[in-house]
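Paired with chain B in one complex and with chain C in the other, chain A is shared by the two complexes that follow.
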Partner chain A sequence: MNKVLFFAHLRDAVGSEFLSLDASGKTVAELKADLAATYELPRMETVMTAINEEFASNDEVIGDGDEIAFIPPVSGG
Partner chain B sequence: MNERYSRQILFPGIGKEGQAKISSKHVLIIGAGALGSGSSEILARAGVGKITIIDRDYVEASNLQRQQLYTEEDVVEKLPKAAAAEKRLRAINSDVEVRAIIGDATPELLEELAAGVDVMIDATDNFETRMAMNDVAQKYNLPWIYGACVGSFGMTFSIIPGKTPCLNCLLRAIPLQGMTCDTGGIISPTVQMVIAHQTAEALKMLAEDWEAVRTSFVSFDLWRNQYTSLKMSKAKFAGCLSCGEERTYPYLDHENMTKTTVLCGRDTVQIRPSAAGKISLERLAGQLSSLGYAVKGNPYLLSVEMEAERMVIFQDGRALIHGTKDLTHAKSIYQRILG
Partner chain C sequence: MKMYEISKEAIDIQAVIDKVVQREAGAITTFIGTVRELTHGKKTLFLIYEAYEAMAVKKLEQIGSEIEQRWEGSCVAITHRVGRLDITDVAVVIAVSTPHRADSYEANRYAIERIKEIVPIWKKEHWEEGEAWMGNQLETVAYPSGKPEAGDLDE
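After this line comes the complex of A and B, so read on.
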């Protein structure tokens, strides 16, 4: 199982701070695509991803027990 | 004026030597909104030798809640932010050489301004300018500090060419429809938290304490009590067009920029975003109407009544700004809403 954390407006879109789901074996891009379809998340391809608090690219494969975090880049300043 | 910086000199990370370095350095701040006014005030008080600050907007009432350099009088006079900032920064510290530029931070101008600069601070409100800053930083070997915020959420990362990943390594493309303070709102403490991180990093770099520079990417949410520090050691992308071996500095290229044109014979500016892509008009309409904008639309476009202008946004991100012929002003309005 994996804990998937959502930040900023993604948290509002998902309606929860985190989800528990099984994403092991999937790439980051595949998990993004699944979540984007289920929760209508906008522009997931440019959302930054961390696996176990370390930056992860879209082609990284998720392992069992990994904690995933999705951090959308914001532009305000 | 030794007394003036005595408390900062007492701080072991800086000391006399560090202070001497700080006072001989030049910082370029891109943007004089919330982040830029806070950073420039801290750095002026810290005694940085020279500060150049650039901004294209004028002071409005909705800025006063968080943009600490400005007053009600600036709003009444509709002073350009750069001019109001210059006046205030000089009043705060006459030792500091302040140069203020009223204008759009285009790639050409950024390249020109980069000469002789030691550190660049990101205080912009859009990714197009950030990506141009990122390319300029790589091309001229300039450290810079990314910072951004919306609502109670903020993030920051120190980028040192040749050492850390760059912004293009992390994003790979300009995010279309990023959240902005005009669509997601903003509270002042979020701004201050980003500024605190950015200016602490700037002081380390100016005092040349490179060992102390933070290597992690910080993001936080002050309302939801989250603080995350991401390790970035694997984030450098070998094929990056901004910092990789076959770099082309794509965001210094006119082709990749937002295009603005005054429509012939009309009081209207057309904006064409650099990256084509579908935006969610429905979501945007919801955000804007909850903020009190009068919004009308159909599946193809969205019309938003602004203070003096009307903006019509199409699904592909293209927009028409009615009621102005000023290209810079129109681009500013556009990026405030669409990031």
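After this line comes the complex of A and C, so read on.
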């Protein structure tokens, strides 16, 4: 299983801070596309992804137990 | 001592500065990021900052390592606030000490610019006529649609 975290406008769109689902074997891009379709997530092309708290590329494959986070453009500071 | 922190409470500025005091230093620069009322003529009422805390701390640590490699003898401490912040509240404090002052100014500037690139922290602007998550650093693009929508107006 995987914990998938959402922040900022994505959290509002999903209606939850995180989802528990099985994404192992999928690439980041595949998971992104699945969730974007299910939850009608806006502007996913601008959203970065982290696996286990480190930025990951779209072609990286998700392993069982990995924590995934979708990172919209940041606005700290 | 934790050099990189996400804080739900008001930041103790002096405490951040004290972390970088070192006998080798000839300068400490402190950057204090505060909540501005007017952005391009638009009046902010308050902000909500949210962080992916575990990753945000790691990314602040990464910025600190980058600085310590690039500016010899430097020491860095950063605290970023989360939660609701009102106008003039302190959102971030960056303290950098170095042997010589020029490095201290440069390294501190580098830290804030990197925060705006890689640290997973977001702010939600609340205006009189609505609210939106800010999506880029020019503060011209807000998600989901670039400006408050009709549906937001009653909030």
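Convention: the second predicted complex is superposed on the first by the 73 of 77 C-alpha atoms of A that agree within 3 Å, B and C clash if a C-alpha of one lies under 4 Å from a C-alpha of the other, contacts with A are read in each partner's own complex, and residues count from 1 in each chain.
FYI, a residue touches a chain if its C-beta (ideal position, glycine included) is under 8 Å from a C-beta of that chain, and two chains touch if they have at least 3 such contacts.
Quantities reported herein were computed from a predicted structural model and do not represent experimental measurements.
Visitor: Now for A:H9: first (chain B), second (chain C), both, or neither, which partner does it touch?
Guide: both
Visitor: If you stack the two complexes on chain A, which partner ends up touching A:E45: first (chain B), second (chain C), both, or neither?
Guide: The first partner, chain B, only.
Visitor: Considering only the touch criterion stated at the top, classify A:V74 as touching first (chain B), second (chain C), both, or neither.
Guide: both
Visitor: In the overlaid three-chain picture, which partner chain does A:S57 touch, first (chain B) or second (chain C), both, or neither?
Guide: A:S57 sits against chain B, while chain C stays out of touch.
Visitor: Which chain A residues contact chain B in one complex and chain C in the other?
Guide: Comparing the two interfaces on chain A, one with chain B and one with chain C, the shared residues are 7-9, 42-43, 46, 50, 53-55, 69, 71-77.
Visitor: Considering the complex alone, what residue numbers of chain C touch chain A?
Guide: My answer: residues 33, 49-52, 54-56, 58, 80, 91-92, 112, 115-124, 132-137, 139, 141, 143-145.
Visitor: In the complex formed with chain B, which residues of chain A make contact?
Guide: Interface residues on chain A, with respect to chain B: 7-9, 11, 17, 42-43, 45-46, 48, 50, 53-57, 69, 71-77.
Visitor: Looking at the complex, which residues from chain A come into contact with chain C?
Guide: 5, 7-9, 12-13, 42-43, 46, 50, 53-55, 69, 71-77
Visitor: How about chain B: which of its residues touch chain A in the complex?
Guide: 31, 33-36, 122-127, 130, 147-151, 153-155, 165, 170-182, 184, 186, 194, 217, 219, 221, 224, 226, 228-235, 237, 277, 280, 283, 335, 339
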